[in-house]
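By written order: A, B, C, D, E, F and G. Residues from 1 in each chain.
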C-alpha cells in the first residue's frame, strides 16, 4: 500500500515531464495509475470481505512514535476503491476537458498529488500520518481550486477553502495529539480499543470536540459549509472528484473511523445530529434556489454531507448501514452529475439552467447518463439511490428519540433532492427553450465514458446489491464493531419507508414543477448569494486584518524613543516584582572614610551629567560628557585601576574628538519641548536609575567569592611572567576576549570607512 | 617620510638606551638616566644638538633662566590682580614685528610668549613678519614698551641660541 | 579533539584576515568567502561527529583550566547551531555572487561577512559569560556595518534603530554579567551554574536573570523588545537580511536556551511564567504584525518574531520533548527563513520590487520559483510533511502533555495566522496577474530564472533541506532529542568543563 | 566614595536613558555613551572596590598581597570600554550620515521604514 | 628635608592653580582669561610635578614627572594659541577696555599708516572685525 | 596622619575647589572658546590631582595616567579649534 | 588648520608620541600600559598631523594604509595564538623563551607578540577612522 501511495507522489513529481511528452493523451496515461491501483484493491476484495485486514508498516519517526502504518479494512477499501476508480475516470475525463488550457501539467501534478494523499488518508493506521495526508489533501486542493489563479474570485475561493480546512486541521491536530496522549498510542487500531483509557485520562471530551471540528471543516458542515460552493471555481473534474466523491468525505471518513471510540458519548450524538441536520436542510434549501449547475450540485453535496453526519450521529446499526450505502450511492451519482455538468459546460459554454434547455437530441448519451444519475439522486427504484434512501428512513424510524423530527428533516431533504434532480435533468436537457448561441455537439468518448460507467453502476448496484454487500458490511463493521450484518435489497415489502419514499417523490416533483413554472423565483436567487454564510468568514478575516493593523500600529509605531521606553519599562516592571522582596538597603556612610575630593568628584560628575542632559548647546553637552568621562577615570584612579583610567581618558577624548569632527555638519541643536511626555520619560529614567542603584546596593552587601582574584594574584608572575595583573589577564588568561575586542575595533574602522566613503561615492566606484 | 624615519629610529634607539640604564642601581647611573631622560623627552633640544649648537649651551641656560624669571614675575603680578577686588589689567593686541625667521624659532618664541602669564600669541601673519600678541599691562598701555620688552627679552635671547 | 573545535573559529577568522589583505581584489574575496564557508561546513560536520561521540568537547584557551581562563565548549546544541550557520553561510555566499553590487564589495562586504561568521561561531562556542558578551558585540558591530553599508535612507533609518536598541541591550548584558560576578566571583558558565545554585537567596539569581532576559530578549526579538527587527531587516541587501534572519536572532535564542537551562535553572516559578507569557505574546504579536504588512520582507521579518515565540515556548515548557521541539524548531526555522528571504531577493531581481501591490504573475512565468517558495512558505506555516510541521507538532504535543492548553491554543492560532499571511504573499506575488501597465512600468527585461543561477541554486539547496527534514526527519529528530537530553542534564557539561569526575 | 558610587551609577543610568528618550540624534549618542559609563562603573562597583591599591606586583615580590583591587573586573571593563568605543565611533558616524541622508536631527522623522502605511 | 621642600613646591603650585581658577571665573574677557590665567595653571601643575618628583626621589618617577612637565610646556601654549586664534576668527568679543587692536589694523591694511602716524587715536570699542 | 599627609589633603581640597570653579566657567561660558579653555584647564587640574593622589597612595603608576592625560588634552583642544573654524566657515 | 605654530609643534610632538607609545607597549606587561593604550597614543600623533595638514597629506606621510595595519595587527595577534599549537600547546597559551632577557622587552614570549598585534591594530583603527572622517 505504501508503494501505491509513493508511486502516486513520484508520479506527481514526474507529471510535468510526462505531460510534456504525451501532450493531450497524458490524461489517459495518468489514469493508468489509479486504474492499476483500483485493480490491486479489487484483488484484496475477497480478503477484506471475509473480515480480515491487510496491514503494511514502515517506520518514519520512531522517536515520536510516528509510523507509516497502513491498514486495509472494509471502510478503507470502500474509500480506496472510490478514490482510485473515480480517480481513473476523472483523469481520463480531465485529459480531454483541459485540452488547450494553459499549465495543464500543473493541474495534473496537483490532482495526482491529491489522489495519492487521499489514498494515504484513508489507509493510514497512524493518527499523525493520517493527519499528514489530511493536510496534503487540503494543500493540493488549494492548488486545484486556485488553478485559474488569475481570477480574483478563484484565488479567493482557494484561500477560503484552505483557511477553513487548515484551520480545522489545526483543531484536528490538537484533537489527535490529545487522543494519542490519552490513549497512549499513535496507532489507530490500538486507539480504537482504548476508549476507556482515554475516558480515564480526562481528555475524552476535548479530543472528541477538536476532532469533530476538524472533520466538520473538511466535510463542509454548517457553519463551515460555505467554502464548498465557492470551491466550484475549480475546474469541473476537480469538483467531481474532490468536492463530491472524495475529499469532502474525508471528514465523514474520519468521523466514521473514530466512531468506535466516541460512539456512545452523549456529546458525540448530539453534536453530529444537530450540525448534520442543520447542514442537511440548509444545503438542500439553498440548492434549489441556485441556477448554476455546479452550485446546485455543490449545495446538494453539502446537504448530503450533512445527511451522512447526521446518520453517524444516530449511530445505530441501521444508521451505520445507511452511511456506508449512501457514501457509495452519492459518490456514484454525484460524481457522474458533476462530470455531466462539466460536459454541458464544455460543450455549450454555459452552466446556467435558465439558459440551458432542449439539448437532449444534441447530446443524447450525456443526457441519458444524467437522467439515470438524477433518478438515483431522487431515490427512485431500481437505482442504488433508492436503497440508500430506504435505509436512511429506516434509521430515523428506528431511532429511540426525536424520530418524528429527524424523519421530517429527511423527508424535507428528500423533497428538495428530488426537485433538484428535476432541475438538473429536465431543465437542462428538455425545458422550455435553448438560449445558447452555439451549436451543441456530443462530447468525445473520453469524457462521456466515465459518467456513463458511473450511471450504469448506480443501476447495477441497485438491481443486484449483493455484489457489494460483503464490502459494505465490512465497512459498517469498521464503524460499529459487532454491527449486525447488512441485507440490501430493492423490495422490503410495503412499509413506512416505502410510503415515505413515495411521498417524497410526489412532493418533490410538485416542488420542482412549482420552481419550473415560476422562473422568477430563481432570479430571486441573488438574494441567497448576498446572505451567503461566508459573511461571517469575511467578518472574521476583516477582524483579523483590523486587529493586526491595530496591534502593529501600536507596538511598531516607528518612534525609537517608544521602543527604548518599552525595553526599559519592561525591565523596570520585572525588576520591581523581584525587588519588592528585598528591603531598602541601609546607607552606611562611614564618616571616618570621608574624603573631600571624593565628594567633589561625585558632585562634579552628577552636575556634569545633569548639564549633559539639559544643555541647550550641543558643544556644551559634549564638553560635559567629557567631564563625566574624566570623572569616571578619576574613580578608576581612586580605586586602583590605572590601566582603566588611562584607557578611559584616551577613549573619552577620542570620542569627544570624533563628535567634534562630525558635529559641525549638523544643524542647530533642537529642543523638542513636549511637556507631559518629557515628564513621563523623566519618570521612566528616574525609576530605572533608582532600580539600578538599589540593585548595586543589594548585591554589594552580599559576600564576594574571590577564588579567581586569588588565583590571578598568585599565578600572574610565576606562571604568566607579568607583573601588571590586568595586562596579564588581557593578553594571557583571557586573551580570547582581547582577540574579540580587537576584531571589533577593526570592524568598526572598516565600518566607518565604508559609511563615510560610500556616501561620497553613491554610484559605487573604486574604494 | 624623510623626517619621519629618522624620528622613529632615533626615538626607538633612545628609548632602548633609557631602559637599559634605568635597570642600573648606582647613583651615577641614575643621574645618567635623568640626563638621558631629559635628553630623550626634550626633543627640540635634541634637534639643536644635532645641528651642532653645543657651544651655545651657556646662552641656552641664559634663555631658560630668563624665562623662569619672567614666569615668576608675571605670575605674581597676575595673582595679585586676581586676588584684589579691582581689575587693573588693560589688554591690547599688538603686532610684534618678528626678527625670527625659521618655523622653529617662531614657534619657540610664540610658545614662550604664550606661556608667560599676561601675553598670548594670537596669530601669525601670512608672511610671517608679524606675531600678533594679546598683551596685558597693569598700567597705561604703551605698545612700544611691550614690543621692545619682547624684542629685547625673549627674542634676543632665543636668537642668540639659535643663530 | 580541541583542535576540531578551534578550527571552526579559525576558518572564518583567517578568511576575514585574508579578505582584508586582498581588500581591492573583490573577486579573490569571493573565492575566499565561498571556500571559507565550505571549509566551515566540513569542519562543522566533523565537529558534530566528534561531539556525538564524546558528548562535550572543550577548549581551555591559553592553557588555563576553567574557571580561570576562557573555556570554549562544543556540546550538541552549539554544534548544531554551528552546522546550521555554515549551511546558511554557504547558501548566502553563493547567493551573494549575483546579489551584492560591486560598490558594496569595494567597501569590505566579504570581510565583514567573514567576521560576522566568526562572531556567530564564537558566540555558540563560548563557555564564559563575559566572553559571550565580546562575541555578541563583535556580532553586533559587524551586523551594524552590514546593515548600514550602502547608505540608502531606509538602511540608515533601520540601522539607527537597530544600533540603538542593541547597544542598550548590551548595557543590560554587561550589567547582568557584573551582577553574576558580584554574586559568585566567577564568569565561567559551568562554574556559575554550580555557584549560583549555592546562593541562599535565589531571588538574587532571579534578579540577575532579568538582566539576561532583557539582553537576550532584544537579540532574540521577543515581545516587547523586538521593535528593532521589523524596522531594519528589510532594508539591507537580501544576502544580508537573509543571513540575519536565519542566524542572528537565533543566537539570542541560543543564549536563552543556554542560560535558562544551565545557569538559571527553572527553580523560579517567576521565570517559568515569564518565559511562557513571553512565548505566547511574542507569537501572537509577531504574526499579527506579519498579517498587517504588505511588503515581502517585512512580512517575513514579523514572522521571525512570531517563530521565536515557538522556540521560547519549548524552553518555557522545559520538558525533554519541549526542548527537543525548540531545537527542532530552530533547525527548521533557520533553513526556511533564510530561504524565504532569498526567494524575496530572487523575486525582487525578477520583478523589481518587494511591495506585494507592485508584484504579481511570478508563478505563471517562473513555476519553479513558485514551488520553491511554496515549500518554504508552507513549511513555515507548519504544513505536513514539511519540516515546520514536525517542529510545531513536537511543541504542541509537549504542551498538551504538560496540559498547558492556553499556550497550545495560541500556538495553533498563530499557525493559522501564519498560513494566512504566507498565502497572502503567495496570492499577491505569485498568483495574482500583473496588469500590463504595471509590467511595462517596471520595464522588466525578460530574464530567465537561470540567468541568475547563483541566486537560484541556494534556494533549491535550502528547499531540498527543508523537504528532506520533513520527509526523513528521524535523524534530525534524534539529534534534537539527544540535544534536549543534554540540556536537561547540564551536569555533563559542567563536569566536562570544570574537569570534575575524571 | 564607596557609598556614593551606587547613586552615581543610578544617576548615570537615569541620565543616559533620559537622553536616549529625547528625539535628537546627538542626545541619543551621548545617552548611549553615558549608559556605557554607567555599565562600566556598575561592573567596577559590584565586584567590590579597593582604594588606592592597583593590582601591580611590586618590584621585589612575585605575587600580590592584600589589599589589592580585583584585577579581573578591571580587565573586563577595559575590554568593554574598548568595544564600546568601537561601536560608539561607528554610531557617531552613522548618525552623521543618517542626518545627511534625512536632513534632520529629529529622530521622530525616522519612521518611514517601520510605520504601517495606511 | 626632602618632604619640606616638596611640600613647599607642591603648595606653591597648588596655590597658583587655585588663583588661576579664581581668575578664570572673575576676569572679564576670554582673551584675558587665556593669556593671564590658563598658563598660570599650567605652571602651577608643573610645580606640583616637580614636588612629586622630589618626594618620590626615584629615577623612574622623575622621568615621568619631567615628561609631564615637558608635554605640558609644549602643548599648552600651542593649545592656547590655536584656541585664541579660532576665537578671534569666530568673533568672540574683546573686553570693552581693549583699546588697541593692531591685529584688526593689520587686516584692514591700516597698520602701515599707523606706524607713520603714531598719534592716531584708537577706536572707542574694541570689537574685533568679523 | 603626619603633617605631610595633611598638606597633601589640603592640596587635594584646593585642587578640587579649583576644579569646581573652572567647572562653573564651563557652565556659564559664554562663548565656546571659553568652555574649551576651561575644559583644558580641568584636564590640567586633574593632572595635578592625579600626581598628588599618587603621592598619598605611594603608587607611582598613577603618574602614567597623568602623562596620558597631558598628551591627549592637546588633541581635544586642537579638535575644538578645528570645529570652531569649520563651523564658523559654515 | 594652517598655523605655523601648530605645525611646528606637531612636528616636534609626533616623535614624542611614538616614543611614548612604544614605552607603553613594551612595559605594559609589568606596569600600566600595553598594546591598546600604546596603539592609541601612537595614532594620536598622526591624528594631530591629519587635523593640521588634512588627511590626504597625513595618509601620504603615514604611507601604510590603516587597513593593512589592521590586517597585520590581527594576523600577528592570531599567530601568537597559533605558535603554541605548533609546540603542542593549547591555542593562545603563553610561550616564553627563557634563555635570554632583552632589556626592553624582558623575556620574549607570545603574549608580547599578541600585544604587538593589538598595538598595530589599534593604531590602524584609530587612523582609519580619523583619516576617513577628515578626508571628506
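In this text, a contact is a pair of C-beta atoms (placed from the backbone, for glycine too) under 8 Å apart; a residue touches a chain by one contact, two chains touch by 3 or more.
Bear in mind that the values here come from a model prediction, so they are computed numbers and not experimental data.
S.K.: So which chains count as neighbours of both subunit C and subunit F?
M.R.: Both-contact set = A, D, G.
S.K.: Comparing centres built from CA atoms, which chain ends up most distant from subunit A?
M.R.: B
S.K.: So which has more C-beta pairs touching, A-G or A-C?
M.R.: Greater number of contacting C-beta pairs: A-C.
S.K.: Distance from the CA centroid of subunit F to that of subunit G, rounded to the nearest Å?
M.R.: Whole-Å distance between the two chain centres: 27.
S.K.: In whole angstrom, what separates the CA-based centres of subunit A and subunit B?
M.R.: The mean C-alpha positions of subunit A and subunit B differ by 86 Å.
S.K.: Quick check: how many Å separate the C-alpha centres of subunit E and subunit F?
M.R.: 15
S.K.: Which whole number of Å gives the spacing of the CA centres of subunit D and subunit F?
M.R.: Using C-alpha averages as centres, the distance is 22 Å.
S.K.: By the touch rule stated above, which residues of subunit G touch at least two different other chains?
M.R.: If we look for residues of subunit G contacting two or more partner chains, we find 1, 3, 5-6, 9, 12-13, 16, 20, 30-33, 36-37, 41, 44, 47, 67, 70, 74, 78, 92, 94, 125, 129, 133.
S.K.: Would you pick out the residues of subunit D that each touch at least 2 other chains?
M.R.: Touching at least two other chains: 20, 25, 28, 38, 40, 42, 46-48, 52-54, 56, 72, 76, 78-79, 82-83, 86-87, 89-90, 93-95, 97, 107, 110-114, 116.
S.K.: Please list all residues of subunit A that touch 2 or more other chains.
M.R.: 549, 552-553, 556, 558, 560, 564, 568, 601, 638, 640, 642-643, 646-647, 650-651, 654, 657-658, 661-663, 692, 699-700, 704, 706, 708-709, 712, 715, 723-724, 726, 728, 730, 732-738, 740-741, 743-753, 755-757, 759
S.K.: By the document's touch rule, what are all the touching chain pairs in this structure?
M.R.: Chain-chain contacts present: A-C, A-D, A-F, A-G, B-E, B-G, C-D, C-G, D-F, D-G, E-F, E-G, F-G.
S.K.: Under the touch definition given earlier, write down the residues of subunit D that touch subunit C in their complex.
M.R.: 20, 25, 28, 32, 35-36, 38-40, 42-43, 46-48, 72-73, 76, 79-80, 83, 86-87, 90-91, 94-95, 97-98, 101-102, 107, 110-114, 116-117
S.K.: Hey, which residues of subunit C end up touching subunit D in the complex?
M.R.: Within the complex, subunit C touches subunit D at residues 130, 133-134, 137, 140-141, 144-145, 148, 151-154, 156-161, 163-164, 167-168, 170-171, 174-175, 177-179, 181-182, 185, 187, 227, 230-232, 234-235, 292-294, 298.
S.K.: Could you list, by residue number, the parts of subunit D that touch subunit F in their complex?
M.R.: Contact set of subunit D toward subunit F: 52-54, 56.
S.K.: Touching residues of subunit B toward subunit G in the complex: what are they?
M.R.: These residues of subunit B touch subunit G: 1, 3-4, 7-8, 10-12, 14-16, 19-20, 23, 40-41, 43-44, 47, 103-104, 106-107, 110-111, 121, 123-124, 128.
S.K.: Taking the complex as given, what residues does subunit A use to touch subunit G?
M.R.: 642-643, 646-647, 650-651, 654, 657-658, 661-662, 720-724, 726-728, 730-732, 735-736, 738-739, 742-743, 745-746, 748-750, 752-753, 756-757, 759-760
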